[in-house]
Structures are given as C-alpha cells and as structure tokens.
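Pasting the structures here.
Two complexes follow with subunit A in common, the first pairing it with subunit B and the second with subunit C.
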Partner chain A sequence: MSAIVRTVTPFLNKELLLQALKNIGCKYTLEGNDILTDRKDYYGIQKFSFSNDRYVFLHDSSAEYNSPYMNASRNYPWGNINNQEYKSVSEFLQAVGEEYEKLYQKKLEELERQRLEEEQKRLEQEKLAFIENLTNKITQKAKEEGYTIKKEKVKGKVKLVLTKNTY
Partner chain B sequence: MNIAHIEEQSFIYGPGCRFVIWVQGCSIHCKGCWNKDMWSFRPKHIFKVTELVEKIQSELPNIEGITILGGEPLDQFQEIFELLTACKKLNLTTMVFTGYEMDEIHKKSMSFLLEVCDILITGRYIEALRTTHHQWIGSTNQEIHFLTDRYKDFKLHNTNYMEITIDEMGKIQILGFPDKDILNKLS
Partner chain C sequence: MAEQRIIIEIDENGKIHAKTEGIKGEMCLDELQKLLSEYVDLLSITKTDEFYQQNELKNQTKNINKNKKI
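What follows is the complex of A and B.
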C-alpha cells in the first residue's frame, strides 16, 4: 500500500490569491497582512496569514472533516457555519489552489506577452533611431556638397530629394 | 511588359510626383550606359498593361503622371503605347525617355507615340557628352520635347537631381543623376 500526500498550493502572491478568492465566490476583508475570509469555525474567522514567504490558511484543524472518522457522515462538527459550497477546509483550499494556479498561468502568459511587446517596441525604436541617424548623416553630407534637400515620407520610407543648381 | 524596376512615387523624373517605370531590354546599347543591367531582354518582372494601370491607379491622387525609361521603352512599343493611352484616360501626364532620335521615331512608324506623350526625351547617351548638370538628360546631345501644352510654363533648370530613399529597414537606394564622387561621399 502506498500513500499519496499532497500539499496545498503555496500562495505566494497576494494579488493572485485575492483574485482567486473572488473568483470562487469567497468574500474577504483585509486586516494588516491577513486576509479574513467569510468562513468561520469554532475559533472564529478562518484567514490567510502571511508567514515567512507565503500565505498560510489558519483554521481550527478539527474543523476539517476529511478524516476517516468524519467522512462517514460528512457531518460538520459545528453545523452549517460554512456558508460556502466548500464544506471542508481541504475542499476549500483545493478550489482556491486550482483557481490560483489558473490565474498564475494567465499572469505568466500576460507577462510573456508584455515582455514580447516591450522587446518588439525596443527593437522598433532602435531601428527608427538608426534610420533617423542615417537620414541626418546623409542630409548633413549632402548639404556640405551644396545640395538643397527636401524630405518626403512615402509609404513608410524616407525620401530625400537632393537638388543642386550647377550654373 | 518586361519591367526592370518600378518606383511608385518619385520626384525627380519629370514634373511633380510620378509613377516611374524602368523597362527591361534595350537594343541600342549606348557606350557608357548607366543601366547596362537593363539591356538584356530576358524576362525580369512581367506585367500585363492592365496590371500596371491598376498599380498606377492605386497611387492616385498622390501622383500627377507617369514616366517611362529603361532599358529602351520603344523596344516594347505596342505595350508602351497602350499604357500611355490608358494613363491619358486617367488624366495623368506622361513622359518617356528614349534613346531614339525624333527622326528615327518617325521612320519606325512610331509617330503616334507623340499623341499620348506630354514630354519626350530623345537621343542616344553619348559618354563624351555626359552631364550631371542638366535637368533630366544624361548627355548634352539629348533633347527635351514638350509635345503638349500641359507643361508649357515649365521652366527647366540647370540642376543636378538625386533621390535617396531610406526604407523601413534602413536600406538605401539612390536614383537620379549622381556624380561618382557624391555616391562615395554619401554612402
């Protein structure tokens, strides 16, 4: 017989955690570094508290009925004080964790898209600066050679029309 | 039509902004020609006249006319005539550079070109008479004929013209009548 032990998703990012709670319909309020949920147990409000490098869900451990003893009846020791559809802490955390991971993936994709956009912008600016510099250099040299220069923009291209009266 | 190059909007081959076509193929072969790569009649870019007219129309209203040079435009006389006729119908002005002399044009029964051309520049390029000081011509023997009233008030200048195009990627194209020195200095 083998055991499967799973830990809950480590909630490292407050912004994502708040959004995850909102998305699964859990109301919350902020109190200092704590995120107070609308879930209660024997000892009061269940909350996420920032500890070391992550948010940890603080609750009365006996409120979890996901034990062999409690599974039999799925009776919650303190009745229906959890008004969310997540009857147990583990179900609740699993739902928050799944939503958090989805949001995290989205965030990564968004950051990647932003990074690519910024890189694209940087490359474009670099090229535009090169073209402007080249245009100025040619204009300067042409002026030194006695040309009059008229600059036109045609379909994204720079056209320099150089004229020099010869006599 | 066999085409070497097209410049959709250019400012130095005739009055105003013009659609300029360099034809591919020349039977004259002037000594010292600037465009020897346009002598061969091997197909380069093949267009139907109607396709060219569509391209030209797409540049309206930014252009006031078209200019044809090459290569030798009159080596593709029938197509050139059709193209110029179509452009006239679009109320565009027309200008042609040919290496033929005016009397050769008459002898070769190509006189009706003159009916659809506002400005015609004739004559071989003669290396010994090369000039970069005259508007539009490459050697001083060449003649500029204003065939209609369209540009009757146009004043020619003793001017050297060049057009430098810098594209979106920073590539440079130089058109016109440049001195050899200036090319080295600018590039």
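What follows is the complex of A and C.
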C-alpha cells in the first residue's frame, strides 16, 4: 500500500500571508494573533491562527472538498462559502499558498539585493577609510620630514603638494 | 635656496602616483622612500631628466678626478 501526501505551504510570515490574502481577493480582519477571513462555515468565521511557529487555517473539516458531506450534497449550506472564488478549503489554501510562495521568492530576491547593496556600501566605506588613513599617515610623515603640505581634491583624487626649501 | 616639491596623488582606489620636482639624482628616490615605503608597495619607477642630471654631474666629477690622478 502506498500513499501520497501533500501538505499546505507553512505560513510562517504574517506580512506575507496578509499580502497573499489581499492578492487573491480574500478580505480579512485582524484579531489579536488571528487573521479572520471573510469565509464562513458551520463553526463561524474561518481564520488563520498562530500556533507552533506557523499560521494554521482553522475551519470545519466537513467543508473540505472531498468530505463525505460535500460529496453527498455538492452544496455547502453554511455561510457564504459557495459564493467564494475558492470554494473548498483545499482550493483556497492552495491559492493562498501559491501566492505566498511567489511573495516569499520576491522577498528573498529583495533581501539579496539589499544584502549586495549593503556589502557594496561596506566595501566602498572600507576603501574610503583606507585612503583617508593613508593620506593622514603620509601627511604626518611629510610634516616630520619638514615639508609644508597643501591638500586638495581633484577629480575624485586626493592631491598632496609637499614643499621644502633647501639651502 | 632651492625648493623641493613632491606631488602625491592618491586615486579613488588608493593607488598612488608621486612625482618629485627640484630634487636631483637619487635623493628624489630617497625622499619618496622616506615618505611612502611604510605604507605602499611600489609598482614602478620612471626616472626623469632631473634624476640623471645629478648622476651626470657625479660621473663628470669622477672623470675629472681620474684625469687629475693620471
């Protein structure tokens, strides 16, 4: 005997989950840690609740697409579930999951772009600090050797003109 | 009274271009070495006319001295 099990996307990030709901046209309200959707079933409003480090969708299991009740009646008498674009819970969760994964990928790309930008900035600052330090050391050494120093910046370069009179 | 001048340019990558003016012979290299050797790795040295002026003077003096001995 064999079986194939598919699980729903683990919704870990609230911000992404809310955006995913918005993107698929599901209205929601927030109540503490819960995200109340505009879907209803026998037990009332279907909602995402934070539990064990992830958001879990709480609903009446008889509202599942393959539940005996749904198969028998093909109608869901409670609430407005048949008026939703995503009629069954599994279809709804699949749509939310797909959108969530898309947003998650975008977020990763954005974070990677930010990381690269920050790394680039850090390297540039490191180089500028090196140049400033080098300029200061050479200036100090030139003073010790009796030079007068004129410092200027020309086209991004530091220019030091050192002069000393000899007899 | 003579004026010695050293122009040092540090570019945006931290590379240095240095040029001496009014310092003849190997003294110009000595001066640059004093100022920079602790902080940079030298890539190349191009000797200008001023560098050879003093060296020529030294050679001429040597020749004169030799002739005197003979």
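As a convention for this text, the second predicted complex is superposed on the first by the 144 of 167 C-alpha atoms of A that agree within 3 Å, B and C clash if a C-alpha of one lies under 4 Å from a C-alpha of the other, contacts with A are read in each partner's own complex, and residues count from 1 in each chain.
Operating definition for what follows: contacts are C-beta pairs under 8 Å (C-beta built on N, C-alpha and C of every residue); 3 or more make two chains touch, one makes a residue touch a chain.
Because the structure is a prediction, the values reported are computed rather than measured.
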item	value
When subunit B and subunit C are modelled together on subunit A, clash or fit	clash
Touched partner set for A:Asp53, first subunit B, second subunit C, both or neither	neither
Contacts of A:Glu152 with subunit B and subunit C, given as first, second, both or neither	first
Contacts of A:Thr163 with subunit B and subunit C, given as first, second, both or neither	both
First (subunit B), second (subunit C), both or neither touched by A:Thr135	both
Touching partner for A:Glu15 - first (subunit B), second (subunit C), both, neither	neither
Overlap of the subunit B and subunit C footprints on subunit A, listed as residue numbers	127, 130-131, 134-135, 138, 141-142, 145, 147, 154, 156-167
Parts of subunit A lying in touch with subunit B, wherever the complex brings them together	127, 130-131, 134-135, 138, 141-142, 145, 147, 150, 152, 154-167
Residues of subunit A that touch subunit C when the two form their complex	127, 130-131, 134-135, 137-138, 141-142, 145, 147, 154, 156-167
Sites on subunit B touched by subunit A in the complex	8-12, 132-134, 157-170, 172, 176, 182, 185-186
Contact footprint of subunit A on subunit C as seen in their complex	1-14, 16, 31, 34-36, 38-40
